[in-house]
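Consider the two complexes below, in which chain A is the common component and chain B and chain C are the respective partners.
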Partner chain A sequence: MTPTTAPPAAVTPARRGSRAGGRARDFAGRFLSRNDGRLGLLILVVFGLLAAFPDVFVGKLETATTATGQSLQPPGGGYLFGTDELGRDVLNMTVHGARISMTIGLMATLITVLLGAVVGIVAGYVGGKTDTVLMRISDFFLVLPTIVLAIILAPVILDIVGADAELFGIRATMIVIVVVIGLTSWATTARVIRSQVLSIKMRMFVDRARVVGSGPGRIMRRHVLPNVINLIVAQAVLTFAVAVFTETTLAFIGLGDPFAPSWGEILNSAQGAGAPGLGAWWYIAPPAICVVLVVLAFTLVGNALDDILNPRSGARR
Partner chain B sequence: MTEDTTQRGRRQWPLPKLADPKAPLLRVEDLAVRFRMPNGSVKAVDGVSFGLDDGEALGIAGESGCGKTTTALSLVHLLPANGYIKRGRVELFGIDLVPKTETQIARYRWREISIVFQGAMNALNPVQRIGDQIAEPIEVRLGQPRESSRRRAGELLELVGIPRQRAGAYPHELSGGMRQRAIIAMSLACDPAIVIGDEPTTALDVMVQAQILQLLEQLRRDLGLSLILITHDLSVIAETCDRAMIMYAGRVAEEGPSRRLFTAPRHPYTQKLLSSFPNIRTDRRTLEVIPGMPPDLRKPPPGCRFAPRCPFAMPVCTEVVPPEVRFSDGVRVACHLYSDAEAPMAGAAGLKAAGETGA
Partner chain C sequence: MSAHYLARKLAQAFVTIVAILILNFLMFRMMPGSPDRVIKNPNLTPEVIAATRARWGLDKPLLPDQLIAYVKATVSGDLGYSIFYRGQPVTEVLGASIGPTILLVGLAEVLAIVGGLAIGAYAGWRRGGKTDSIGTGASLILYSMPYFVIGMPLIIVFAAGLGWFPTSGMTTPGMSDQPLLTQAWDLGSHLVLPLIAVTLGLLGGYSILMRSSIIDTRAEDYITTARAKGLKDGYVLRHHAFPNALLPMVTLIAINLGYVIAGAITAEIVFNWPGLGTLTIHALNARDYPVLQGIFLLVAVSVVIANLIADIVYGFLDPRVRT
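Take a look at the complex of A and B:
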């Protein structure tokens, strides 16, 4: 403490030190005290580890040339989940599929949330014509059917970037899926965030920041964004679930990348091999159960976050 | 802004460019503010004049909607979108602020005239550390880098009696009084000449209220600030202000040294206002109520605006706007009771007729 020009008139008794760290701990405690939060997090940690280090758990991704098993071998005998029509280990493919499905989910979520947050904050804070224009554009994307758009966009984007092109080591076909999911889901996020921004910009501290001399950019960054960050996080987690699910759907109908066996892609080849007719349930069940588990986990975590971070939702539920 | 090294009073920093070092700190003349409404224009402030000297504290009082906040905030053009200054002059160091554009006036906000907002919880961002919020005007207005702004914010916190370690706290971690102190620290961020306190002690309990007023008083002494205190609590003005201005329906009813105003109120409205406050010395069980309502400011009454509620109303009151009468003790009153007073003196006749003394 350095001496100041005037001694304080009356020193208010104050607890020493900041409690910011306590806030984070408090948040973690509340999250983990909930069953849905704990379960969701557990599932996500397991899949996160599988996705991060698939080689450690099941070895390199098997291809048609490196496959070791018989065609459509049922579970057992060294193949926990059985094999596919090419003799590949389904467990091996499912674990590697986690990485691909979740990478696509993550990228799609990033696009969705970035675009949605920026559009939502700008539309809500600036208002007027900007708001009208941005919201009409989002209306347009809100009513676009994901699958139809994907079927149309896939060849267009592939034509533009070239089917063999790679972007940051990601194949073009995967980018198509990411772009399609991003395009069709940012509008929801934008709407949700805009509505919250509308109420925040009426708060007095925003007026105060304006009077103090902050420009709109600074106010949106420093005052509005931190107040909607809880919504953004909850929205991101929920979007992730939708993205993984959409990716599975799109890959299943054949818009995926055959060289990158995501869960949807495995289901697609199972269907192509006639697995349902041959009674090869072990070919279909593992990837399908994985999709359901991951979507469920994200939804659980998203709901828990929403409840904890949103002070008003306590009364609602 | 180029720096003029002229020093004025106790303020040890440069005046804005174009400032006249000999001019008074603040002189407001015939200020009129209107609000555009769907069904006519509201004459919220109509011909208000007052002055403020270096280191002086002026209290503005009156009932809700009498134009006290509008008067103070219009000095730096902080009016709602439908409000505008109709006429008048606001001279700060001899610079007229009324014709300034939005970008020009923005330079005077916080640097020369800053505001202590009422309701500290609402004026603070709930998810930003108070140190950063206090540093914001320093960063934005004075263009200082983040680091030195933060340091200065820490100094300001200590100045208002909060240990600087608390700069990392969020508003919800502070008590109501500390939040109000933080808001005061913020108002001091750019070394303003004038601080406007817009009901700074409303919603605080009496003990904290006293501490906050004491703090403002001390800051005024130590920093050579001038203070405009808006309140409907007359005791706050009696305790802290050198001069008091009583407003009614957008006009000044009476203005002068607060000691005079509270001991010998001349305007019937001031008298009524004082008698509608509890007094610890007189044994009065019931408080007086001023009958009637303030007038509709879209169509204010032609003469004196208080005439419809005034117990001493004369025929002339409803027709002619009362001229301001200056008394030798520094009080000025806008009332017809005194307009023909040949030698206005302290302790006027109308007061005795009313049989009412404030204290």
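Take a look at the complex of A and C:
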């Protein structure tokens, strides 16, 4: 019996359990044996903690009214990273920025990957005209300059719904940024998933499922999805890097929410206060270094996962 | 290259541009402040409203009449009038900003392609070596940096700190009556920092892509053959591996153009460079939608055309895709 014809259902629950455990251990071992994977994971754990408990580390987010420092005070005298033009502690804002930037990144990633995975699986599995139409649409979004489209879409949507509107207690500005990033960056994920689905579709267990009378919806959910879930995870991590990067750019351009200062928003106010020309490096360096570290960490972890989980990328990088 | 390949690529580009036009049209209808709102005035009689609507073509259905009118106007170069730059046609506003952006992005592309491909090719060829770890590490860090994050420290160190270069703008005011050489020197000194920022922003991505392309190429049979013939290592890299690894880069560089322009927008803001980026910010702050739409249309169509050119060049370079 060749491995491809071995019915997965024939595996007894006990054996399957031990095999999955072994696989997970094998995966963890391969991931942690890579320097890039370890470094990326370490950075993400640190920033994850900062984002989860900002109040524990630096107290409540300072506002213009609760700020205690002088304007643009250099580091020292109780302000490790100095102050901004309103006298707010830059360290305080940067730590709180972690939560805001990464929350937006997470939400945008979920939308992107959900859209991309659904389009990729349907296009790859259904094929034919559906595939052609969906891939034409994804081509359009691949070619389209995402950030430029986002720059136009965000203010249009904000003007329609109003910047102070709220949905489930989240301010509209944040939702608009999330939706805009999601709408404009799902195409890459869709492409990657589709090409994997195309090869899975040819495998024996899909034919077998069809023979016993499973409909396309059930086959996609029960047979195709579990086989591309690894790839979806790797794509999600890589998308997170893109989402944080895009959010920073959009906020820097002035589309962020001043009441929820992400790192891009802090850099935007630094630019507005003329910090670069005044040589106020302490206002710029902390948020800028955080953005670079987080984007770098997600890229490293994503590449490591992709190398291990994606059969196509193999030993390339 | 077969006529069929060319025709297919042309048709695809055409369809994409039409889709962009339709998208632009629909966004234009969605946004607030449409003429319809202005004439919702209780003091106006129905006759006046009807006459005004007819005057602006609003009495006709949105699809297809208004769409056709919009496409006709756009194709003939009428992008409407700016709100912020009172009454100036959008095409004129765009025309004034496009030169500085082309200068900045064009030079940066050339420098980044030359540098990025060289670093990436050498790193991939000597995979795991010292050049690879340093070059790829630096490339990954640059790749994670938004252009403005590269630009801000440049200003702090070289403009505000050391005072070697001006902090912002493209020219020093009152330079126009100086001799041409002085003006060129002035422009050059303003250009250095933004150029470095955009070049570094691009370099990381190109180097990473080139590295993985050369690693793919290295495993090909013709490289083994070339080595077996006893050719020198450097010769195999330059004459056998490099040209072949270059092929996928053509497409990637073209696809990248949209990101480059978007990134250049943020670099321009930092350096107050008077190009499309600075214009975008002014238009954004003033909610000058006609100008924003013009910028989007310009960038999107340029990217589509760049991709079309890349496809055609690719078709010439690689016989395998000429079907």
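The rule we apply is simple: the second predicted complex is superposed on the first by the 291 of 317 C-alpha atoms of A that agree within 3 Å, B and C clash if a C-alpha of one lies under 4 Å from a C-alpha of the other, contacts with A are read in each partner's own complex, and residues count from 1 in each chain.
Definition applied: a residue touches a chain if its C-beta (ideal position, glycine included) is under 8 Å from a C-beta of that chain, and two chains touch if they have at least 3 such contacts.
Note that the structure is a prediction, hence the values are computed from the model and not measured.
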Looking at the overlay, what does A:160 touch: chain B (first), chain C (second), both, or neither?
-> second
Touching A:227, do we find chain B (first), chain C (second), both, or neither?
-> first
Hey, is it chain B or chain C that touches more of chain A?
-> C
Touched partner set for A:202, first chain B, second chain C, both or neither = neither
A:300 contacts which: chain B (first), chain C (second), both, neither?
-> second
Both chain B and chain C contact which residues of chain A?
-> none
Residue numbers on chain C that touch chain A, as the complex places them | 12, 15-16, 19-20, 27, 30-32, 140-141, 143-146, 148-149, 151-153, 155-156, 159-161, 167-168, 212, 215-216, 255, 257-259, 261-263, 265-266, 269-270, 280-281, 284-285, 287, 289, 292-293, 295-296, 299-300, 303-304, 307
Parts of chain A lying in touch with chain C, wherever the complex brings them together = 136, 139-140, 142-149, 151-153, 155-156, 159-160, 241, 245, 248-249, 252-255, 267, 270-271, 275-281, 284-285, 288, 291-293, 295-296, 299-300, 316-317
Note: in the complex, chain A contacts chain B through residues 1-2, 4-6, 8-12, 14, 16-20, 23, 203-205, 208-209, 211-215, 218, 222-223, 226-227, 229
Contacting residues of chain B [partner chain A, same complex] = 78, 106, 109-110, 115, 117, 119, 122-129, 133, 136-137, 140-141, 155, 158-166, 168-170, 173, 175, 177-178, 181, 186, 211, 214-215, 218-219, 222-223
